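Reading through the structure tokens given below for one structure.
Chain IDs A, B and C follow the sequence of writing; residue 1 opens each chain.
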Amino acid sequence: MSSFGRKLIGGVLAGVVMMGTVGCGSSNPLDSSSSQESDASTITIGSANFAESEILANMYVQALASHGIHAALKPDIGARDVYIAALKDGSIDLVPEYTGNLLQYFDKDSTAHSASDVYSELKKALPSKFAVLDQAKAEDSDSLNVTKSYSEQHHVTSIGDLSKINGLKIAAAPEFATRPYGITGLKQQYGVDATLIPINDGGGATTIKALLNGTVQMANINTTSPSIKTNNLVTLKDPLQMILPQRVIPLISKSAESDKVTSVLNEVQSKLTTQDLMTMNGESINDKESASAIAKHWLQTYKLV
Amino acid sequence: MNWLILNCAQILHYALQHMLLSVFPILLGTLVAVPLARLANGFRLTRSSIYVASSVLYAIPSLPLLIFLPALLRTKILNPVNIEVALTIYAIAIMLTSASHAFLSIDPSVIHAADAMGFGAWKKFFQVELPLAGSQLLAGIRVVSVSTISLVTVGSLIGVNSLGFFFLEGYQRDFPLEIWVGIAATALIALLFDQILAICGRVLMPWNHRRVTRERSAA
Amino acid sequence: MNVFSQTLLWLGDASNWEGTGGISVRLVQHMQYSLATLAITCVIAIPLACYIGHFGRALFVIPVINALRALPTLGMLSALALIFGLGISAPMIVMVMFAIPPVLAATYSGIANVSQTTTHAMRAIGFSEWQILWNVELPTAFPAILGGIRSAFTQIIATWTVAAFLPVGGLGRFLIDGLAIRDYSQMLGASFLVIGLSIAVDVLMLIVQNTIERHSRYSQLTTQS
């Protein structure tokens, strides 16, 4: 390439970067969240590696910001084990969670089943450095799904019906292998033998593809995912309540807790419904809206900002 | 297209993070590897161990390295320092070999001449060896730069976000555009850094550039 | 350190080696994937480099393919996974894509380094282009080609671990699945295996390279005599 050509490319690149900076610099939704973790007055909110968690984290960040509490965002940290470790070591101060799975994480042997029991048990099971705020009405649990044709062909409507099937493959995130509601629980509670096909998309498109093309017979999908309805999937019944109620709940580090943070977030919690989660997931997965835009829209709808 | 416009702030934010995360490993890796390679070149044993060391370092899979560094460095797990250290290790691995080759490629008679003229070790290094190995060192740094900028994205798997964020989010949402934008932006940063390095090379080593132009005009 | 003894326990536990998700299976898969990647890479890169190097045509291909290195592995994996769906094709294409540059560059420079005088002379005494390539250029370039293959191979072995971000097998499974549950011993154990595999392959290739280099000098002599 001629030196003129190189200069040209250099110039164009510099131009693009500058234009971009000028063009969007003012409306940066992440401005309030740029990483200044050392700042004591900043509360850092993390999220798990799936869309809904990211949206919830954005909601909390924006709600706090509108009340003058500086909040930073660390989205897409990973699976529960990873972001809990991040919460423990102070990398983050708060993370959106789900009651049942969180309870099982801290107390494998808990026998609580109702939403309120799970909530009170969870409070007891938490490590001393952690606290939870109010649980929302909104619920998003793991669920085991098969295609309609598979359900009809093999007469499967409940998880227990699977125990007679050999060579069962299930698509879920890698951590499903060891979860009480995962491979372990399936074996212990229902006597179901299943092989995990680990897919890292939080029950997203690839998981659905694997289910529809028969790579797997069953998939773990969040109940608030729009794809269950879109694809006419059959969600298997769970009579033994292996999967606990999963209300949305903020898990917070006690060091970051304050009356103001609690009251702002509890107000968000009090408004959130399961239907909202479904709508917002649809906006993310179908309309490809950004998590921050979806969160903002929701907060405006409920006049929380 | 619409997505691109709506999300340009976020794209720029991560592009900036990406560049910040890339700069230190490239610089630090070079600053460590170049003198180390020069020192090791002096002895046959250390010279050959350089090649072994760099191929072992380069064979370390990036993910576990990123996970174990917090335990070794006693840093928090989302601290960007972890990925900076990991990328510096890879940068050193690449740069050690190419710097060693660069210094070896210097015509020994020039070194002897410098010795004869009474150059001390430091003076010889800065005024003779470094300028002569310069263009090959620069080529090595450019490889390090491209590789580092690509590797930064792996950090997204452990929650240190760069443009790699778009790969994971796009994959989860079955949204190829988001992923391609991330890829294009990463490649653009690689190109930008490469051009900056080339310009630095031309400013610091004008003789190379002049020679090329002369050759070209002669041809 | 405690993690290290746990890792040794993980590696030493026979039950971890057995079964469909066991270490043995993953190790074999990893080798299979890597060898297949290398084979595909060579089939594409070597003839292409021969063509470019021998005829001096389509030289623009070299910088274009080198520019592919600037594309992030993780991004290409996610993008192609959405296009090609589940299965091995998406990661295989990405791995081949990143393995081609070293092999192509090494082969090309090996062939292009053969002196023009030699090739002109051979042409003058009636050798066909094919004969020149086969009898002189390829044997001369052979050490360089092997060097390229060697660096590509170790790179392939290390990079396949990232591919486990997608639902494929190989040793990367232990890394990605271990990451999800922060199972250090599993991740560290698998890393040792990957590093060991990569060093073993590197040493093996080095031995092959040295042996063939000696042999190729000999064969060159016979061609000349």
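Here is the rule we use: contacts are C-beta pairs under 8 Å (C-beta built on N, C-alpha and C of every residue); 3 or more make two chains touch, one makes a residue touch a chain.
Which chain is which protein? Per UniProt: A = Glycine/betaine ABC transporter; B = ABC transporter permease; C = Glycine/betaine ABC transporter permease.
Because the structure is a prediction, the values reported are computed rather than measured.
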Required minimum of steps from chain B to chain C, each step between chains that touch: 1
Selected pair, greater C-beta contact count between A-C and A-B: A-B
Interchain centroid distance [CA atoms averaged], chain B/chain C, Å: 22
Gap in Å, rounded to a whole number, between the CA centres of chain C and chain A: 38
Shared interface positions of chain B, touching two or more other chains: 156-158, 168, 171, 174-175, 191
Sequence positions of chain A contacting 2 or more other chains: 78, 82, 85, 200, 205-206
Residues of chain C touching at least two other chains: 81-82, 165, 176, 179, 182
Residue ranges of chain A in contact with chain B within the complex: 3, 6, 9-10, 13, 16-17, 20-21, 23-25, 27-30, 34, 46, 49-51, 54, 74-78, 82-83, 85-86, 89-92, 200-202, 204-206, 284-285, 288-290, 292-293
Contact footprint of chain A on chain B as seen in their complex: 3, 6-13, 70, 76-79, 156-159, 161, 165, 168-169, 171-175, 177-178, 188, 191-192, 195-196, 198-199, 209, 213
Footprint of chain C on chain B - complex, ascending: 55-56, 58-65, 67-68, 71, 146-147, 149-154, 156-158, 163-164, 166-168, 170-171, 174-176, 179-180, 182-183, 186-187, 190-191, 194
Contacting residues of chain A [partner chain C, same complex]: 78-79, 81-82, 85, 171, 173-175, 177-178, 195, 197-200, 205-206, 209-210, 213, 215
List of chain C residues in touch with chain B within their complex: 3, 67, 69-79, 81-83, 154-155, 157-158, 161-162, 165, 172, 175-176, 178-179, 182, 184, 187-188, 190-191, 194-195, 198-199, 202
